[in-house]
Amino acid sequence: MSEKYSVIGKNVHRVDGTEKVTGTAKYTFDIVLPNMLYGKILRSPYTSAKIVSIDTSKAEKMEGVYAVVTAKDTIHKKQGIWRRFPELCDEEILCSTKVRYIGDPVAAVAAIDEYTAEEALNLIEVEYEPLPAVYSQLEAIKEDAPQVHDGVELNINVTRHIEWGDVDEAFKECDVIREDHFVCSSQAHMCMETHCAAASYSYDGKLTVWASTQASYYTQVLLAGMLGMREGDIRVIKPPVGGGFGGKFELDSAQFCAALLSKKICRPVRIVLTREEEFTATKRRTPIVYTSRIGAKKDGTILAKEIRGITDGGAYTGMGATALYLTGFFSSFPYKYPNYRYDGYRAYTNTEPTSAMRGFGAPQAVFVGEQQIDLIAKDLGIDPIEIRRINGMVPNYEVPGQAFIQSCGLHQCLDKIDNYIKGRGKLPANRGIGVAAYGFMSGGIFNWFDTPYAFSSAIVKLSIDGKVDLFTGACDIGQGSDTTLSMITAEELGVKLSDIRIHAADTAICPADLGAWGSRETLMNGNACKMAAADAKRQIIEFAAAKMGVNIVHDLDIRDGWIYLADRPERKVSYYDIVREAIRGRDGETIIGRGHYTPHRKGMISPAYSFGVQAVEVDVDPETGKMKLINVVTAHESGTVINPIGITGQLEGAIMMAGGYALCEDQPMDQGKILNPSLADYKVIRSLDMPKTEIIEVDTYEPEGPFGAKEAGEGLTNPTAGAIANAVRNAVGVTITSLPITPEKIFMAMQEKKAKEKKAK
Amino acid sequence: MIKDFEYFGPKTLNEALVLLDKYRDDYKIIAGGQSLIILLRQGLLQPENVIDIYGIKELDYIKSDGKKGLKIGALTTHREIEYSDLMKGSFKVLSEMEHLLSTPQTRNRGTIGGNISHGDPAGDPAPVLMALGANVKLASVAGERILDMEKFSVDYFETAMEHGEMLVEIELPAPPPHTGAAYTKFNIIASDMATVSVASCVTLAADDTCTDVRIALGAAAPRPMRAKAAEAILKGKKITDALLKKAGQAASEEAEPVSDISASEEYRRELVKVLTARVTKEAMSRAKAG
Amino acid sequence: MQIDGKFVVKGKINDVWAMVLEPGTLASCIPGAEKIESTDNKTYNCLVKQSVGPITVKLQFVVVLTEITPPTYVKAVGRGEALGKLGTFGIDLTVHLAEQAGGCCEIDYKADVIMVGKLATFGERIMRAKVKSVGDQFTQNLEKKLKEKTGS
Amino acid sequence: MLKELKLTINGQPYELSIHPRTLLVEVLREQLGLTGTKRGCNEGACGACTVVMNGKSVKSCSVLALSANGAEITTVEGLAKGAELHPLQKAFLDYGAYQCGFCTAGMLMSCKGLLNMFPNPTSDQIRDGIDGNICRCTGYNSIIRAVEAVSRGDYKETK
């Protein structure tokens, strides 16, 4: 027992591995229930219009059509995930009087097959009266802009203010001040499995929903509200999910319409959104325009930052309000700004709603912040790594009034990246390395959803043979939480990973969990699982101590299936035997361990933060502006590594996604219409475009996390766009302040630079 | 969703031509289907009859005819061309082009005849075929006709094929000695359609004078086009970098690109300029080596 | 989608003005126009056939002249649909005419085209290119027609 | 009008009656319940529906089922031999070459098609070989490492 841990930190096969590589994993997309119907949703072709009338009679009469629903079939409620704030619950899902973007649902059909359902949509006659519309946040906040939601002044949906220190005074003391403007674009989650749900309402008034969701608990609760049902009568099951990335934890049109249709006719209904619907009628990354002012002393100490962000909210609130908050908070990361001010505004527009997406406002903040740090370093004549060292966060740092940071390995990461860059030596012409530093949260503390439950809970149940059933509401959406949580449970209980069978995210049998977002599962649910395992372990040890007749001065522990005296490991009994005897000894009562976790006294944002620094090397074609990603090196720390293969996968995947955000992923619009709603036109990084990746793990230990672990996955999306922008500047001397960084933008900026230089001569 | 249709799967060219003649008014030919099925699913095409020619084995071949050049059956897949041993000398460019075309699955299934018949001005094969001076053979019940590849593409997704006609063969003339050809395409994601593409084929005399040059542009006009002004600058001269630059400029001026979400018209012209010079230089160095 | 341009024709501004508003002129200038009728002096019913390669679309629409300031300015709004549930579209068009030296007239136009539904989803690249080429063809035809009539 | 279709899937011959509009992926998933093969985009762009047809990888959403008449098709369900996983499957497990798993079937079948062409592909050939498959989770590099391991012969296929 020389190594510290038996299970965690080891390379293991994921617990869902074999079913995924053999094609036997059944996703929501694959579910076929007896007597099931297929649903399709009719959506608004207008960006803004009054619904004058909807005539569904022809569709209803069509052979093979079993139900048609519109707003008339609902209980006329509006929903939103910010439940604490009724004014932010603004989405009917099935629109009653007004549509607000191209894709807003107006009706849904259940039919014998998808062909029939789609044909039936063509028979629904909707009379619209087009209304004036507004398509960008800067237009939306003008005095005379059309109103997206009645009574919302200047279309301002939410505002956010964060401030500490005395920013105005501090700027007076700065030697260098610069102000820059940045534009961050949208991005599609582009989950491989589109949004889908199968709903089955029974004659006895119970509803079961299989959903491709990141938070089965949210789906359950929000559906209950929208259907006028009790939460307990709704069971939401999350089968394997084909990706989420922030796009699947709000109630969506597939879930709601499938449930509503099923409730109307007591037959199962499955709805799978098409790829086009996925692009145009779900949610997307929040586009933001920023003005950022930063001031520093000659020695590189940054005294003040003042940043304003205006986000394009699209038609509804969703999780967009949180993105507005987090982009303001993470604009202060990972530096010790003594004086800081953020003003954020979220404006409604007549476009597809914007919301959470991996990084949650932070990739945008880092694109802005890390470019500006490089720019001011240049103004000051200070090395980019050095200025980050001077100002970087340290362990036990308090973000004034906001957050308390315990573990922080930023400086070690900076050292590693510094060494790497120095090791590369002089680069050829038109090559450049750019750096970006970042920090990210391990789950959110904010409870705008107003859940009365603990944020995470877990139950461990032991079988007579010592095998373990783990019940938790955590949602594995591909990131691997089922494996991580099973590893934590196995480690704590002292059994093999193969002894654990996890049952996750089925609201009828698992305790509530807020789901997979904000990088919360490892820390929050991990703590709950660890506590549940510890609870079960305590019960076994009680029995073992009595059975072994151990002097009470000794501590017992369990590891690798043995219960032993901590200071005399040779005195041991089999865990499996003891469990069998313990259950018999307790009159057959099942051994159940319970655990839960809610952060307390950890500030306003998150109980823990992870940090990292990324260096990206790019090569720019000076004649065309085409940029190639050569290598991405990331030094990062995420506390104790639970599942190393999982972290590598998260990191490389983050580079694919964040690199895409920087390079090619965008959703350009013409008057509110997304111009590339197909994978032929929406470009994502593929294997030939993917750069080499290197990971440098930095050791830290997070006291708040299970076995010292914290976030590893979402934060890794943050640095890449900023690092690439810095790399382009270092390669060819141009600053690109808007995303994505296309060859055309680089080319045009280079032309402009040449023209300026010529003029200067 | 695809609207249902009558399906025909002829196994010989003759059977196919008879079907084309019979359903003259409303049919679509499907070969590999890599472009057509998308249009069917979008509901933009709703043909009554679909004639699936993929099973016509007699149109799947690559034949080298020594001095006469190369003949490629219309139903030869991209993959077969990509890995064919016959793609030697200045024909090597065909295999290089195919390697850049879309993704492995598309290359496995899609055919060269299907690709050029689809008439997408951003398609990869057409500019290369034009640069190599290819002819296409069209067949109908009335007989066959041979058309210069340049005249085959007419407009966006339009070709010179008449109703009742289908493409059966691509003929590539044997290149004179000291001929080299190269192809390049600009895109952001490797497997993507071209933002702009350029193919160039250069023939040099013993003293390195350019005796012939053919430059073709993709995605730079409503159809793949020859950059004849650029060619005129180079023909009969010893090609220098300065001359290449001039040719690039000329190509950029004669191109007719439009702005779209991938690139502006202005940027496309820049790309034509740069790529024309680059790829012609490469073709030239291959000609020298050849 | 914005399309704009300007061109100069020989002819007096009043003659050019009269011709531009003549349904017959429009019918012969709009590529693919199958029917253009004027119900009053301000409303035109149109049926236009357009194709991009194998895809053929029949557009049925009504154009209403909403602002007229003879002989220098006209604003028109067109609304219609593509037959076969392919979608709807709208055009907002403004045309300015200006007298120029030497008996010439400059025509400056700006059109804003909005497409809704399936029509709009067919590859942006192709649609945009097609709209531009139709626009170009229209102006060429108009220019030719004007030259014929004004005898320049 | 229904048409007859004969094909062999994972060694099993089938005779079906289908609408001409039916795509190969629809036959596999909806008629035969072979749901291992996924549909990610329905427009031939994502590769999730990749199967091996007559030895070569194709996107089953871009093939009319009737056009596959007489073909031999292998889907992800046909990779393992009984209880023995295919080398690619073992390598995917060992290298964590999947996360959400939705692209995995298509990815494996592209790799299978690649191995049919090149039993020991180079890294570049592997990169090219999976370029038609989008994976939104892994960033591809772990998949490439897995196939490299198979290419090196780290995993032996049971005959």
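Just so it is clear, A, B, C and D label the chains in written order, and each chain counts residues from 1 on its own.
Methods note: a contact is a pair of C-beta atoms (placed from the backbone, for glycine too) under 8 Å apart; a residue touches a chain by one contact, two chains touch by 3 or more.
Keep in mind that this is a model prediction, so the values were computed, not measured.
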item: Comparison of A-C and A-B by number of C-beta pairs in contact, larger one; value: A-B
item: Euclidean distance of C-alpha centroids - chain A vs chain C, Å; value: 48
item: Between chain A and chain B, centroid-to-centroid distance (C-alpha), Å; value: 44
item: Whole-Å gap between the CA centroids of chain B and chain C; value: 35
item: Distance from the mean Cα position of chain D to that of chain A, given in whole angstrom; value: 30
item: Per-residue overlap in chain B, given as positions that touch at least 2 other chains; value: 38, 190-191, 261
item: Sites on chain D at which at least two other chains make contact; value: 42-44, 128, 131-133
item: Residues of chain A touching at least two other chains; value: 675-676, 678, 680-681, 684, 686, 688
item: Touching pairs among all chains present in the structure; value: A-B, A-C, A-D, B-C, B-D
item: Residue ranges of chain B in contact with chain C within the complex; value: 28, 39, 42-45, 118-119, 122, 155-158, 222, 258-262
item: Of chain A, residues touching chain D in the complex; value: 11, 13-14, 16-27, 29-30, 32, 190-194, 240-243, 245, 274-275, 477-480, 645-646, 648-649, 651-657, 678-680, 684, 686-688, 690, 692-693
item: Contact footprint of chain B on chain A as seen in their complex; value: 114-115, 118-119, 623-624, 626, 663-664, 668, 675-676, 680-681, 683-686, 688-689, 742-744, 747-748
item: Residues of chain B defined as touching chain A within the complex; value: 1, 38, 186, 188-193, 261, 263-264, 267, 270-271, 274-275, 278
item: Partner chain B, residues of chain D touching it in the complex; value: 1, 3, 19-21, 23, 42-44, 47, 50, 56-59, 61-64, 66-67, 69, 110, 113-114, 128-129, 131-133
